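Both of the next two complexes hold chain A, though its partner changes from chain B to chain C.
This part shows the complex of A and B:
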């Protein structure tokens, strides 16, 4: 992208919303982060003190360990982080080191924001990590994360026992039929207006993250992953249609709210719902409130095995970093089991390596949270590895919302495929 | 030499020099005072609008390794086939068609009420104005709660009808969602235009009302032949400002429904933002903005024409 286009795009950000905010975002002393051995590091953790503290600790340790480079942190609120990165890339002001949400890695790598990592050192080899925590695009590693999160179903043991429902295991998860009859029984018990809490009140990336794994378990997908050139067959085939009808039937059968409340996890804890589809981030709170009565269950097997989404925040290096060897030295330095452990502990996430998991109470084999580790290892599917992902994600969110609201599944999925295919074609299948 | 010139001429000349001087200084001051506003308008309005016009004919993306190239009318051809865009145009017009008369009418009613002199006028003025000074995001979040299936609004409906009528799930039902947003927007915006109407009402000379009351006319006749004609200029202003504000509907939709359910609340501006940011299609979003600009321009010009001075 030449300088003129960059300027055009930067200014167009302003044109679309006629706000001035973004134009200034990347301007303030972004720099290439390399004068006098200073490396800038951007993180999305401005509103997340627990994780920020660990980032700060890692950076302080690195700065104390050598004298050549000095890493400086700049933290952004998560909500405006991506906008800040996109705006500053347009004006060539990206920092040397930045974090990136897993599914965005291909888009940013394709857009020329990120440089391949080519790490050589570090205590922990990349191969030791959960596959979903390594951000790859076109066979090159662009990012790695210290943790992942996992989707899971929470339920109360007492409620399942009372209704004579079998407790599923990772080896023997609920089948589609079992799940349907469990929901019917729970609904019939009369104690729950909506026995299933799926978090349908959320928006944004939650929709593809939470519901595309169910689509995949039915046998469909967001896009044909063979060559990422069409969504035809994947998103509108018979399996996808089956998923869409099932998803809508949860609403028409009265099992799930079309739009759930603002705090679905509290609703579950307060006994408003019997089964909650949620993430590992709620596990600690649920255990604290419900103790031994809490069940951490594997996802339902709708035919192609249980599935959950993979990939969370990861660290990467920008392509316009003037001191790539410095950025590489920092990233290699961070690859120590103790940091993997500390991140997971601080945020309550699943550590990316088994060695770290063994050191965190509850995440060791046989521990309270082991089902989450197993799910991340055995059931995780990364979101489609294509620069088109942000577009696909946005289309899927809208389509799934329409389906839940009662749109004709056939035409809704057909329109989604049409839009995704048009976008892929218009961008020359993101081949450049 | 100087002595040869008569005194009066010399005086006049000196006078005109100082006058020209003063005028020049005034001119500089005027430019200096206008400069900040003009500069800001240029940078944040004129240039972005110009860029949007250009970008709409290119393949520009928010994130892309390749430079944008000229693609002619491709984006507009895609717009014409995009069902969500067409629905957005329709929703935007429906919203404006409902909000403009209702909000202007409610605001005028409120203004007439509080224009009367009685105790507590200031209290009511403040009450009606509070929603205006509240952030639209906050208002939208609060109303999302009010509109819930078991929210306050439905509880009131239930209580008033002794449980005979069960209110709908306002924002999640395609048949009520846009109406719910219209109602909330009118509630939020009416206070502002009430103030404008009020200012207009107070410019009407009191002797006209006196004359009317001496003639013994009814209240309706007085409103029809004194108040209404006296509000001519105010009327135009209120009409055009509400129309433009209604066309740019975005915040409520973004916070409350994200365009759903089933596209029942999607609007032009919402689609422009969604395409431009979430979907990274800068050029496509620019095309939407361009269409939006032209539509608003046409409607504003039509309104100007219809409300022009006819004599």
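This part shows the complex of A and C:
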């Protein structure tokens, strides 16, 4: 390093150090929660400007509507949001208002992070919402959402027509045999290395969200929902075993990649796959790229009807909120049809009420995105309502990945049941 | 005119250049192997998403061809307060480096140049701390820093506060003292003749004078190495700030990458942001490269 470089580096370091030391090495103390009438709101929307802007608008409207409370937003990136909440709860730094992913509501309620909501006011009654958009645990409401998302199969009409494949409808979805035949035809066309894109390169909650509905359509489930005390029979019964063998066969038959690429949606749009199992969040982009050639198809009926996962992000109040009446006032204020509409419009999600859906072009009856609304309404299955869900979710992810990679389905599912049952027992079945 | 006499054995084998060909070829392959990810990242940062994945099948993935633009870079600034995150990381990393050099070199000086009972045992304990992964004590550390007191300037007075969460200091101070830096300084100081200390003592210098005027000025390569090895983990810090920082304005660059992982990640933007946060690290390494290699070679420490 020559003298000039050394001087430059030294000067830079000194300048930066001096600035920071003068600033006292401190942070901008925001306080915790709602001191002095301030209510902190945490959202998972950092980096997601479309949804964040609506959150900001709702907050600004509330702040302008009264002078008692002031809501301040802190946005976190979605990928690290849950970790931030869990770390903050252990140091008792949770904000008054926070959003929560629907399947986590029972766990966070059981863990004492959330307080039950008693919403008496608000323009929109809770009963008007899609059931999957209201977060309940032990018959108490802990959260509500403005929208839901839906899984669907995207395909090109031209490709299905070319291969003589029937276009399914919500009333008459593909059966298992029809789906198998369609995949065989598409594979035989020689145009697709893998005709089915299932997003197997994903990770985390995507696995139970995307593939447990298919397990349920076969007749299995993640846990016995009668009392949530065992997964025996549900996750390792004959139906579940049938699902596991089918899932693996998609790879061995060459219909699906064991691990799909980093962007399954771009691969579909580039024509690498014929059918894509994806979420409603890709619908607008696909319509934009493929226009009238895009088909939004219902899920396959594997025997027990078509199924998709339900519940997306919802808003809740923390149990350590110092001003619960303020948080409640804010949450009630947000329950206006115009906000339900604006969230869905901005993010391209399915509005939680019919009144909102009627106001959004494409989501009205007969609209371009109506199949998504119908799927959310008719086919959605809420993930198991138990505090054990985060654990069950991680076990299922590992098990399904093992099965796709070639593990023996019987022993893989048996091991999953053993782990889930041990967790339930160890936590005294999550009794309060 | 002087003529070169042939080297012994040179006439029996192929010319030197040919003999070195396999070595050079291996080096080129290795260089390409390590350069390709960086080249891919830089090139992809100028392409739209669909083209990135369309080009993946062939060499176009590494070539700046097709629909190139700065769109991804402008989108980065719309999505993330990138400048703020860069400044935060720069400040946190730079202060950690400066304090780390001072604190660890002082500790190493005492262990290496001064004679006192138990110093070898203490050095062993310090080296032993290196085998404990950070993840194992991250949660207890969160609890601990949440309980720590701090004096805050409040007008003309001082206020005692509790808890370091949501501050810059919580991102800096736990990482100043580092066993590896102490060990590296210690090894380097051992190579400096102790006679210099004795001569300085005779001339009336104190231990701090010897440290400041003799040992540190002779330890440029060790300082450069510690600077790089401290800067890298500070710059790459992800788990810790995720756990202790809630306010957006205090977040470092690595947490910022999470902003891009939405339901449909925009890979072009991810590549653009990754390129932006990689450049400072590459620049630092290039600036200190020679000293870094010298120090690694002379201290007998290999990473």
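Keep in mind that, in the parts below, the second predicted complex is superposed on the first by the 400 of 432 C-alpha atoms of A that agree within 3 Å, B and C clash if a C-alpha of one lies under 4 Å from a C-alpha of the other, contacts with A are read in each partner's own complex, and residues count from 1 in each chain.
The definition used in the following text is that a contact is a pair of C-beta atoms (placed from the backbone, for glycine too) under 8 Å apart; a residue touches a chain by one contact, two chains touch by 3 or more.
These numbers come from a predicted model, not from an experiment.
Shared-chain residue A:93: touches chain C; no touch with chain B. By the touch criterion defined above, A:426 lies against chain B but remains apart from chain C after alignment on the C-alpha atoms of chain A. Once the two complexes are overlaid on the shared chain, A:83 sits against chain B and chain C alike. In the superposed pair of complexes, A:402 makes contact with chain B only, with no contact to chain C.
Of the two partner chains placed by superposition, only chain C is touched by A:49; chain B is not.
On chain A, the patch touched by chain B and the patch touched by chain C overlap at residues 1, 5, 9, 12-13, 16-17, 20, 83. Those residues of chain C that touch chain A in the shared complex are 49-50, 52-54, 56, 78-80, 90-91, 94-95, 97-98, 139, 142-143, 146, 150, 152-153, 163, 165-169, 172, 220, 224, 242-250, 255-256, 258-265, 267, 287-288, 290-291. Those residues of chain A whose C-beta lies close enough to touch chain C in the complex are 1, 5, 9, 12-13, 16-17, 19-21, 23-30, 46-49, 74-80, 83-84, 87-88, 90-91, 93, 261-263, 265-267, 269-270, 279, 281-282, 285. For chain A in complex with chain B, the touching residues are 1-2, 4-5, 8-9, 11-18, 20, 83, 86, 89, 107-108, 110-113, 203, 258-259, 387, 390-391, 393-395, 398, 401-402, 405-407, 415, 422-423, 426-427, 432. Per the touch definition, chain B reaches chain A in the complex via residues 44-45, 47-49, 51-52, 54-55, 59-68, 78, 83, 169, 171-172, 174, 258-263, 272-274, 276-282, 285-286, 289.
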